[in-house]
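First chain written, first letter: the chains are A, B, C and D, and each begins at residue 1.
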């Protein structure tokens, strides 16, 4: 006989845009907000009884209302307030999760903006009846090193045809998440610092594999920010293949690491976590 | 001090197309294959030593080679052979995961085909040194009921504006996964049967919420197929809002559940698992 | 000094879903509707005077209202009625264009449906004060021939490395549009017939290039349907490259046209028009 | 009887990455290149005779080779060289078209970069036996004004429900193209100047409709740059709807132009061309 196992429900991808209308100039906060609840919602599934269910439509309404009532000082601060409210409003819920993506805008004038593009700032807040966990992050940060990257000395079997590379392009579209010890911090300053550490480590370290580079980036974050206990990476190896000009009988056409084709699929996918040692012990 | 935590690596989205050239006619198997390995790859991350690392390029080569050497009787059968091979070839690996998406084609002639579209068949195989787990599934199966769906009696707070609905459109883009007890089965027959049970349950049961409908679908699978211990769903509630014609002074323009706008975002997101009771005890 | 040149405006991608509630069972019509107007809208651009402008919001409202008032016997029939209305409602407009994409659903029961996937049916209707042009079409129709396709005897220069191919996979994601002489027809029967002619020609003819295959498909349509004067194709050559197994020292691993990698980018792009000869003279 | 009409063929979306390896630091040029040829290719279509056809594979090879042989001083300069070569190599061709998208990167170090995101620079070069046309552009430039935008005084019919707006958000994802008189210029300086004029006009002018704003932007370009005869815009009106808080009985919850929902579909679509007057006469 079948029974209900793990379950959650919520409203995904509410596109919340908040304008702060200052006397002199406006600020813009541009978010994609997803909320969900876990708890005792068996009756909704098994008996069709919705009396314990706060509608996802209400969750959406609350996300928009809290953009005004609480404001958006940072994605983390807003998500904490929203998650606490949803948990309070839903007695059957054991926990609420709020996921936020924030899109950055560059200022063109007092009331005009251009969307920046590039990476998206993210956060995930998990709020239980007794516990709170804040995870910050970024995604879609596309990075490339045009030298200072090798890949050699790897395991070889009868299906291995990859030549060793002394000097290759290393590129990725980074998704990173870092877990905070605290539930109250200067989230914006913390974000800027982590981002700087990630970028400078990527830019200044030699790479013997994307694995090593990610590890170095994570270790630098953990070593620099005492309040961060764990960094998680998901990083596609965006292959750039050297174009073979050897078949062309054309003067001056050689390829000394100058012309590459950027491939779409397949791609390597490297995922790893770097943790502060104390947490493991 | 930082240390390495959980990690895995592999090659994602190798687009493997296998033609079986029969005397009379051809068959086509069209897959998107992702492989990954977990185990003791600390040296690759911490020391930049790749000697234990089977390159993702080799994983890709193996995926293509096994399309010929082993063949693709079903996604599950192929994934099992490929995963076993990768684990065997990589002494440092504790486990291999193979994920497959299969695209269906309709026959136009002996050697001509049209891609079917609609849902994608999936499987995930996890192979450890002592254990094997086969999970089958489907995704992107868009379903809709134009009546026989209500949503009422839900929890109300001060942010709730949703009216109760006695008769609404229910629509989703279903992703489902089901876990097999066995590691050897007639995977294609099993897939067809699960799909039939899912569709017929969706079509023939009244819905008091998407949660209830998913639960009924999962329970029907578990009750019908004794070898399936668990079914997982991730199902967006693809909202279709009744268009309000009340503002128009036009003869004959009323909307008795006839004209809807299909919304993109936000969407409800309902996730649940249905398990066979024995497993829980 | 700058002046206004060609311009048009409208509402794109209204997602209109129409349920026809029959006594015994429901029908579903699922459309993506885009409308636009051209004409004398200089004042809106140059002087900021909107008095001649029917808002795009009104165009959207009309698209939904006409799903009820006129109904959706076919995309073409609905688009003609909608376009005529928009032109009538907008004195400054010289012409209205309506573009429709229609998504097909398979019936699961009296009130339940599964979206079919595969190709999307399209139409474009252009309505002027004195003229009407109806163009029908389809897109995203993915076709593949696993043999019966060659490519050889082509022009060679110093950058040519492509070997001649006697037997290759030919695959495309077809977009086709065909122009009708008439403005009143059995649009659904016409669509089914054109689709059949396209598919059967693709399936049964030998291909010396995608260009030739498209030409044969277009010619078959023009020759079969006297009311169609012109067929336009846009067809990516979706490359399937034979995987090279020659580097592997593995028994039984050879590739006799059996294992291919489906490539994403770059792709050939073949575009051509086939017309009935009378029209040209 | 059917005959061949207009046709063209080429290779789309070659992802060309060019590294210039300076002694001190590297430069990166990251392009998406599409080429096509028009001319007398009837035999390829009608007779299956490919002898006049330069393969799309060769076009791709040439795109990569010219990244080295000619270099990429600007998208326009590279496209001109590539197009001239393809025309020269293909006697049957009457014209060659080269389309380029360029992705910008920010420097992180001497050999490390982060992709900027935001808008993509584009160009289209059309080269005939006697004529050359260079068109520059940008796309995916997302702009927003949080005030200084109205929409009122528009045409009203029985399907109009839109209220007049005195103060609304105006947002678009701009695609713009501008046509040069010359075929030789400082393309990078010209691009920077046009971009500045577009952004500053958007930021500093009051908007009575997106149509007016586009016209002002185009007129500013034409008036500022004497070598540009025509600017074309395609601009979705990315609707931001004020969220209605009136149904909530919550202290302090009012919405004075502060909280919006960013909608996906449908969207207004405004397209217009601004031309220098001399050209028209």
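Definition applied: contacts are C-beta pairs under 8 Å (C-beta built on N, C-alpha and C of every residue); 3 or more make two chains touch, one makes a residue touch a chain.
This is a predicted model, so every value here is computed, not measured.
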Between C-D and B-C, the pair joined by more C-beta contacts: C-D
Chain whose Cα centroid lies at the greatest distance from that of subunit A: C
Length of the line joining the C-alpha centres of subunit A and subunit C, rounded to whole Å: 37
Geometric centre distance via CA averages, subunit C-subunit B, whole Å: 29
Subunit C-subunit D separation of Cα centroids, rounded to whole Å: 23
Where subunit A touches two or more other chains, by residue: 14-15, 61, 65, 159, 161, 248, 250, 264-265
Subunit B to subunit D touching residues, read off their complex: 158-159, 161, 247-250, 264-265
Partner subunit B, residues of subunit A touching it in the complex: 1-15, 34, 36, 41, 44-58, 60-62, 65, 89-90, 151-157, 159-162, 208-209, 211-212, 214-215, 218-219, 222-223, 230, 236-237, 265-277, 280
Subunit D to subunit A touching residues, read off their complex: 14-21, 26, 28, 30, 61, 64-65, 67-69, 105, 108-109, 111-119, 140-148, 169, 199-200, 202-204, 240, 243, 245, 248, 250, 252-264
